[in-house]
Structures are given as structure tokens and as C-alpha cells.
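Listed below are the structures to be examined.
Each of the next two complexes has chain A plus one more chain, namely chain B in the first and chain C in the second.
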Partner chain A sequence: MRVEIGEDMNARTSAKYRKEKKVGEGTYANVYQGVEVATGRLVALKKIKVGDFKSGLDMSAIREVKALRELHHPNVIQLIDVFSHKTNLNLVLEFLDTDLEMVIKDTDLIFKPDDIKSWMLMTLRGLYHCHRSWVLHRDLKPNNLLIASDGQLKLADFGLARDYGDATANMTSQVVTRWYRAPELLFGAKKYGYAVDMWAVGCIFAELMLRTPYLPGDSDMDQLNTMFRALGTPTDEDWPNHTQLPDYVQFKQYPRTPLTTLFTATTPDSIDLMEKMLVYNPIKRITALEALNHPYFQNLPRPTAPKKLPKPALNINEGQVAEKRRLDPGKSI
Partner chain B sequence: MSQAHRPLYEQSSQFRNWRFSREKLHEIRKLTNQAGVERAQTNIEAEQVGYRSNKQVNYLSLDDELALCHFYETKIDTFARHFKLPNQVKATAIVYMKRFFLYNTVMDYSPKSVMLTCLYLASKTENKFIQVEDFAKPIPKTSSQDILTYEFVVSQSLKFEYTVHHPFSPLYGFYLDAQILNDNISLLTQVYSKAMDYCNTSLYTDLTFIYFPGQIALACLKLAAQDLNWNFAGYLHQKYSDEATRLALEAIVDDIIATIKARKPVSTDIVREVDRRLIYCRNPEKDPSSLL
Partner chain C sequence: MAPRLSLANPLVTADQLETTPSGRDGVDPALEQQLRCTGCDLIQAAGILLGLPQVAMATAQVLVQRFYYVSSFTKFALRDTIMGALFLACKIEESPRKVKDIINVFDYVIKKKQDLPIIPLESFSPLFYDMKNGLTVAELQILKRLAFNVQVQLPYALLVNYLQCLGLTQHPRIPQMSWNYLNDGLRTNIYVSYQPPIIACAALFLAARQCQVKLPDQPPWWTVFDSDLRDLVNIAGHILSLYHTQPPPDIPLTLPELEEYQSEILKAHPPGAI
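Right, the complex of A and B next:
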């Protein structure tokens, strides 16, 4: 046996991969397509420019690495390796072709109820695994649900994730992309839990049916207004003490309209599950495990097998797909 | 998928990569120390080429290294208190330092600098982030850059596995659980608080590498129960009706108790002596002021 010091281990890890071409550019990282030299397996290399941060390794990178090192599940993106190079941190992730946002926006694709059920099932399985491992994702949206070539959906982008275990700990309410942000966060709650992820899943469920974002607010204030117009303004009975939340503001009292008026073509069991995800009171909101046990997943139709799910037409150069997406996020390809 | 049926803890990096037998732990450290001495020796001799040096270098033994590390581990507590960091951050920093010096030696990396970086890094990974300037300011002869220099080196040696499981959460679980079975909550609360102290002591031993956090917590509960006359055996009986399980668990618990009781702080005389010797056997390759 020999022992290997950290630096040597790092150099050996680094040598295992070859970077090929840039496929995306983000605010804090660039993403490259690469290969694992020994096997030829495609990987995604997420290169985080630590040199730009005067406090060293930044919190997003730490959060992502910390969470993904512990999570191993078919519906959570696999972090294969981590290594540093000069002042960059490199995450080696499994390479995934597309994401749910691109699927939703591709007007050539037609979704059957069985397809939606399949995506929901995979999302909830991945999320339940996070939650039972004490991890809050805090940024669920179609763009962060990546899809592998075999159709498996995987939760990705854990840059806002953190471990959760102490219900009394204060956390920032500035999490989750606005359209998917739970009402307690919009009202500035500092103590919250897994329910924030479930609200986002409810919004994604609705988006899969509507093929357009369900609650697209222009600002944080407009987000609440949009939400209340769609789902009714909560009363103290719906959600006790919510008027005590730090950023509470009073809104016009919109009536609650039944979801069936907007979601006309869908089954009662799916409406029931969606309603339970979009419950204002976070304590009453359905959990990931309860959702997985909901009749919607037991009733017909059976969820589509991942391989058979609709997918955007395969581009000869997958890298370009992702690149196009990053540069022009508003348009479908 | 057979993995789904195994306990969730077995997926954790702590279970997969940071769990050893006592023998294995000793073997790794022994090899790390030997390799460290060889590296330092080679480079010190290379540095002296062309010089005539009669200096007899007295390299650090494994026990010397452990004494020094142990001393700096206890310093983490002092700094954590100064920055008003929660116990969780302190505990994680101590484990980071232990993990780091499993595969590295103090002849390569100054234990004081590594200690500071471990605490700074733990403040990030445990969500209690402090600005690096604020962190470095009150520490004499230490700049922000000194703290950041080792951040990658430490992270690499931790295999970028930042999650650490401590006995505190399971202990809290036992405390809640025992409330269902006990009516004297006030005594139980005293036992819990005392057990917490033992958990803190356990951080300075090798137990984190050897046993599950829940097992360490249970042993700390037993130690506190002995001090305060709480019926631990009764609790164990109620929880585990199967005698074989109970016996197996008690053997583990007793070994943990013996380890916690045997822990003593290292004497400052020894630390001072080792620290003085370290000046002459630092690996010049890692020393910015070296000629190499």
C-alpha cells in the first residue's frame, strides 16, 4: 500500500479527463464537453473560476460539490470527479443531452398525459432522495431538470442547495428562480423547509400541462399578485399567521377559482395532486413522499418508459444545442 | 437496485471513504509519516548541495506529528469561540484537520496554517460564512492570502467531500426519543447536556474514523448517565429488546467509552519541543522562502 497526498491525487484526477469544447457559459462557470480518456465516456466539465472570488472558493461551488458528493440516485446528476487546476475548480459531471425547458418549448413535440406523469415521477423520485438525505435544492425549474439520452430526468444545478436539519436555523429567502418561488419565500420567511421545493414542483407540473410558465411574475411583488390572481389570495384560515412574515404586504382579495377552469383537459387525480403541491400553508403542502404515494401515480395511464419520452430532434452536434440554449435562453431550437 | 435497501448512511462519503479500523488508521499514518520524512530529507539534502552542513536533522516521528496536530485541534475551539461560530463549525473544522493530516504531514504543511484554513473552510461549508478579511484580521501575522493559499490543498486532501456527520444530531435524536420513555425530563435534560460535553471531547480522539456517529452518541449518553445516575440500561432495554443486538452494541459503546476516558490533552512542553524541531525538518519544496 502507498499513500497519496492530496496534490498528487488531484493531478491524477485531472489527467483522467480531456476537455474538448465549450458548450455553455454561465455567470460563475463555463461548461465544456469532455471525455474520460480511458473509456471514451462523454462528460461535462464545469469549470468554476475561483480566481474571480476574493474570498476563495465561492459558496455556490461549495454548496454544489458538498451536496452532490453525498447524493447517488438515478434521478440526480452524477458528480463523477472534482479537481482543481491553477485557480479553477473543475466538476466532472455526467453529460446530459437536454433539459425539460427545451422539451417544453419544442413546439414540434406533443405531450401525452403518460409523458407528463413520467417526468413528474422522475422529478419526485430525485427530489425525495434529496430530501431524505437532508438536502434542500432551492432552485427547481425546468431548466435545471436535465435529460439523459435514455430519457432519464436528473435534478441538476445544486449551487443553491444546502443541508437542512435544524428547523430553527435562519436561512436566506433569496432563493429559487422567481416564477417557481414559494409564497413563504416571497414574504421573506427565514425559516422554511422542503415545502419550498414542492411548490416549485407544483409550478413545473402546471407548466408541463400548459406548455408555458404558470406564474410568470415580472417582479417579486408582481409574482405574488400573479399567484393570488391564479389561486386566490390566502386568508388567515388558509394559512394561519402568514401576515406576521417579515415582508408581508396586503393584497387585493382575489377569489379562488377552481384549477379545472384553466386545466380543462386533465384528469381529476392530476388536478388533486397539483392543488396539494400549490397549497399556501407550507405545513399543509404535500411532501415528496406523499406525492409519490398519491393515487395519480397508481391510476392509469401508466407513466411512459423514459426511453420512449418525447425529445427534441437530435442535433448532430449536441454541444451546439446547449450552446444555443445558453446564448439565447428565450428561444426554442 | 440493491443499493436502495441499504441504510442511507452507507451512501455518505464519511461511510465510504473515512472509516477505518484502528490498525488501518495507524498503518496509513505510519506510511504518511515515512513518506513525509523521505520527501523532506531528499529536498533538504538537495538544498544543501554545495554547502557544507554538519547539521544533523532530527525528523519528526509519527507521535511527534500527532502531538502537534492534537495541540492545534484544541486551538480550533479557541478561534471558533472568538468568531462566535457554532459548535457544528468547530466540530467540522476539527474533523477536516484530522482527515487532512491522515494523508499529509506537518513537515510539508504548517499545522497552524492548515488549522486556520480548516476553520475558515468549515465556516463556509456549514453555512456560517465569514469574510476572509474579517477572519484574518484578528489573527497575528496572518493575511487573507495565508488563509486562502491552503484552501485548495485542504479541499483536495478532503477529496472535496465537505459533509461531516457528527454525534450531535444522533444525540439529539436519543434525547427526543428518551422523552417518550421517561417521565423525569429535567434529569434527562441534564444528562443530554453532559453527554454533549462528552461528544465534544470525542472530537479530539480517532473515534470519528472508527465508529458511526450514532454509536459515539450512545456511548456519550451512557457516560453522562453514569455521572448523573440515569437509567441507561433501562433505556437500552426498551429500545432494543433483542439481547444479541444489545450485547453487540454494548461492546461497541464500552470501547468508545474507554477511548473517551483515555483522552488527555497533550502537554505544552512536548508541543514546544516538537515545534522547535519542526523548523529544521520542514520540506523546503513547500516553503516559499526556500532556495529550491
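Right, the complex of A and C next:
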């Protein structure tokens, strides 16, 4: 590798793509649908706003470029190119038609257990690749799991992603959209790891079965309350020393109800996996690799082939929705 | 083509080392060396005052070195580039600092270096605005002109590893001394001409020499860490050369200062005169 003269590369790269129409707007970027001129392939152009002279380039943009430059996996969105045009930075990403939230919300679609298994498998494969590369996603939710036209699910929106593994580094607990936020984060833990992403995957798993968010809290406090009502208030035995966490508050002692009372129509192996993802003690929570090796994925039914998964009727205007939904009140932090 | 996960740094070619953009714009090679050295020195000093981890300072210094192999000192002011580089490096290394703090600290370390009276910078003064503007533009220019290759792999962790392999972690001087060589080496071009493992070996090689500690030579220890003697000696030479000459304190940090500085050199030593 040599140190490239970026200026020349920018001009060359920028000419490779044609911007077509705006498809979404997020906190730090506008998303456009575009075309790679030479091949006609659809791409998403994420144009990062740099008008804000207060803090320079947004941290999310740096995190996203940094994470996606390292990660290459069929279940992680591909960063095709990066270039700047005038004073804007542009990320060129794969264009993906829809996301898991749209799929869940589409009441015309019926999910079979095989479909859910397939989405879980792809999510965990993508996530295992991130964790193996020492990257935490920190914002997993159905809305950030994009789905390609061939049915492949891809982890997207790495604006909160960061590397982990340094036991001494403090990290912010203000991450992950509330409904998918792990209990240790809600209690203000500054040191955490892969387990925060696994909790979110557990919530997504439950949401796929229920077709509605599993733990929809209205506020951070209510989130904990909702969680404890559903899963029981943790005792010191379940989760040693959690009362020492910075933002610990005592809650009413709810009893633990077995998941089978809510998830009546499902198999014991899926309940077992979900329970292992929703373990309060982060150290005991299942890892992505362990989850992939869980009997749930070996037992029948076999996961549906991605191509055959249920999909909403394609409406191109709804494509690449990840960004615009972030603005919905009460859903993002 | 986006690079895959890699523990390698982009390096400059021999041609790029030979003819720098500043050289083409008439900056004397010796002056360019002093500019690079001074810039990195200021980053290190500012980083310490900002309480940053060493990796953030190191990343910033390597970015500055890379940047001036694709850009000229006559077009991008050193002062702005070092501020922008440190600002960006803080974010890359997940230790963000406020723009205001970075400006104030750089103002302080620059005044200190130039032996000027230390008067706190006013937040609404023209100089503050000038620095703020320079910093934000520089951040973007660095990203742009380095084509977003701003990830820097550093040799610190490797050095610790090598010290452990050679049973040197308890030595009274070698660990700190070799660490210091890595820090000082940031002011030279070694980080843009060699990969981290070779740099780590060279720092260790030099420290062991200085402390007169004999390391395994059957086979030579560095071969185990994929280095060769010629590179080690070359890097050691670059590091040691830092201790022979100090850049003068009045190194020009802005474009007008640089212009004036160069015209004064020209007056003192007109071309053709010896």
C-alpha cells in the first residue's frame, strides 16, 4: 500500500457514481439512491453533513468509516467507496431494498419458524464477524438490519460502532435504541462488551415471534420496569454486584415468569436460545459464536433459504429506510 | 478498492520520499524536516496537556507525516494541520476533545515554544476564530487528501509483546527507553517508511545497545520478529539523528510566517553565493 494522493482519487471515485434521488435523512447524513455508472448497479450514497463547524466531522461518520473499512462479510453492509465532493464526505454503500422492521410490520406477511431461524442465523453470522474483529455494533434493532433483494440480511448503520476489548477504557452507556438496550447499560455501566449486542439480538428474536416490540419502555426508567415485569427483577444471585452499578435504582421485586407463557407457539430450543440471550448477568449471556452453535440452528426445521424469505411488496421509495426512521420520536436515543 | 482488515500501514514510496510536494514548491529539505519535527513535537506536548492516551498523539503525528507527503507546507499551514490531525486522531481513538480545548492548548504550547508571554487566548478574538476555522478545514483536508486512510497501526503493543518474549519487562531501563524511542521516532519519517513490527524491533534494538544488554544472536533475535538488521540500523540512525539537532524555536507555523522565513533565508544566503 502506498500513501495515495487523495485529491486525484476523489475525482476519479466521484465520477464513478451518479446520484439519483434522496431516499432518506438522518441525524448526520442524507441518503441518496445512486447508480454505479459503469455497471448500472444500484448504490446508496450517504452524504455526510459537515456544515456543523462546532465539532467538526461527526463522530458517527468516523466510526462508520472506521468500522466498515475493516468489516467484510456477506451479512454486513458493504462500504464500496468513500470520496469527498467539495466539502462533503460521501460513503458509497450497497443499496438494500428494505429492512427487518418493515418486514415485521407488514401484516400481509406470515412468518414460519423456518423464516425466523433464517433471519436469526444471518444476524448472528454478521454479528459474530463484528465481534471477532473486536467491533461492537451498539445499535442493533430490526430497523438497522437491512435486507437485500436476494433476501440476505445485512447489519447496517455503524454510526455507534466502536472497538472493544480494552478492559481499562470507559465507554458511554448512552448507546443502543432504548427498547433493545441491555440492563447493564440502563444501569449506567461504563465497561461492557459483546453482551450488549447479544441482548439486542434477544429482543429482536422475541420481536420476530411476537410481531411487536418485546420490551417497549417509554423512558429509561420505564424500560427497566417493563423488562423486569417481563423477565423478573434480577436478584444478586442472578447478577452478582449489579447493585453497585452507577445508575442502579431499586425496583419492585417482580417474579420471573417462564418465557413459554408468552411464547406459547414456539419450540423449546428457540425458547432456550432466547433465554440465554436475555440473561441479566452480562458475563453469563451467550456469545454470538455459542448462539450459532446452539441446537436451535441444528434442529429442524431448517432455516429458509434467503431468496425464499417473505418480503414486503417492493416500493422503491421505501428503500434504504434506515436513516429516516432514526428521527421517529421515542425510538432513537 | 477498500483495504481489508490489515495490520499494515500505507507507506510512502522511495520517489515520494525523494521529492516531496513541499520540495517541489521550493521548501528547503532541511527546513521541511524541521517543520515536520516541530509539528510533531507540538502535538506531543498538546496531547499530554489534554490528557490524551499516547495512541491518539501517535496517530495524529503519523497523520501529519503522511499528509505532508501528499501536500505542501506552502499551501497547508502547519499550525492548522497539527490541530486538525490531533482533533481527528482523538475521535479515531475514541477520546474526543472539544475544539475549544484543543485550540487553547495549542495556543499555549506554541507561545511556550516561541518563548512568547503566556496570555490566555480570548474566545472571541480574531486569532481564536482563525484557529478554529483552520482546524476544521484541516480536519477535512486530511481526510480528503489521504483518501480516508486515516487508520494508523502503531508499534506500542508489539513492543510490549517483544519485551515479554525476550524477558526484558523487568529490566530497569530498557522498557521505558525503547518506549521513548517509539515516541521520539514519530518526529521522523520512519512511521511512513516502515511497518510497525520493524519499528518496534528497532526501538528495542537501540535501547538494548544503549544499555549494553546482549540479546540472543543464534539466530539473531530480530529475525524471529520478521525484521532485518539493515532496516533496524537505518531506523536507529533516524531516531538518533533527532538528538543531534534541535529545530530552532522560531519555526514558521502559518503560511505568512513561512513566506517571510523563506525570504529571510534567501536574503541571508542568496542563491549562487556560498
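One rule holds in what follows: the second predicted complex is superposed on the first by the 310 of 333 C-alpha atoms of A that agree within 3 Å, B and C clash if a C-alpha of one lies under 4 Å from a C-alpha of the other, contacts with A are read in each partner's own complex, and residues count from 1 in each chain.
Heads up, the rule we're going with is that a contact is a pair of C-beta atoms (placed from the backbone, for glycine too) under 8 Å apart; a residue touches a chain by one contact, two chains touch by 3 or more.
The structure presented is a predicted model; accordingly, all values stated were derived computationally and were not measured.
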When chain B and chain C are modelled together on chain A, clash or fit: clash
Partner chain(s) touched by A:G56 [first = chain B, second = chain C, both, neither]: both
Contacts of A:R132 with chain B and chain C, given as first, second, both or neither: first
Contacts of A:I80 with chain B and chain C, given as first, second, both or neither: second
Which of chain B and chain C A:V37 touches, first, second, both or neither: neither
Which of chain B and chain C A:R162 touches, first, second, both or neither: both
Contact residues common to both interfaces of chain A (with chain B and with chain C): 1-7, 9-10, 50, 54-57, 59, 62, 65-66, 69-72, 82-84, 89, 133, 162-163, 169, 171
Contact set on chain A toward chain B in their complex: 1-7, 9-10, 50, 54-57, 59, 62, 65-66, 69-72, 74, 82-84, 89, 132-133, 162-163, 165, 169, 171
Chain A to chain C touching residues, read off their complex: 1-7, 9-10, 50, 53-57, 59, 62, 65-66, 68-72, 79-84, 87, 89, 133, 162-163, 169, 171
Residue numbers on chain B that touch chain A, as the complex places them: 1, 3, 8, 11-13, 27-28, 31-32, 35, 100, 103-104, 108, 120-121, 124-125, 127, 129, 131-132, 144, 147-148, 151-163, 169
In the complex with chain A, residue positions of chain C that touch it: 2-6, 8-13, 16, 66, 69-70, 87-88, 91-92, 94, 96, 98-99, 132-133, 135-136, 139-140, 143-149, 151, 192
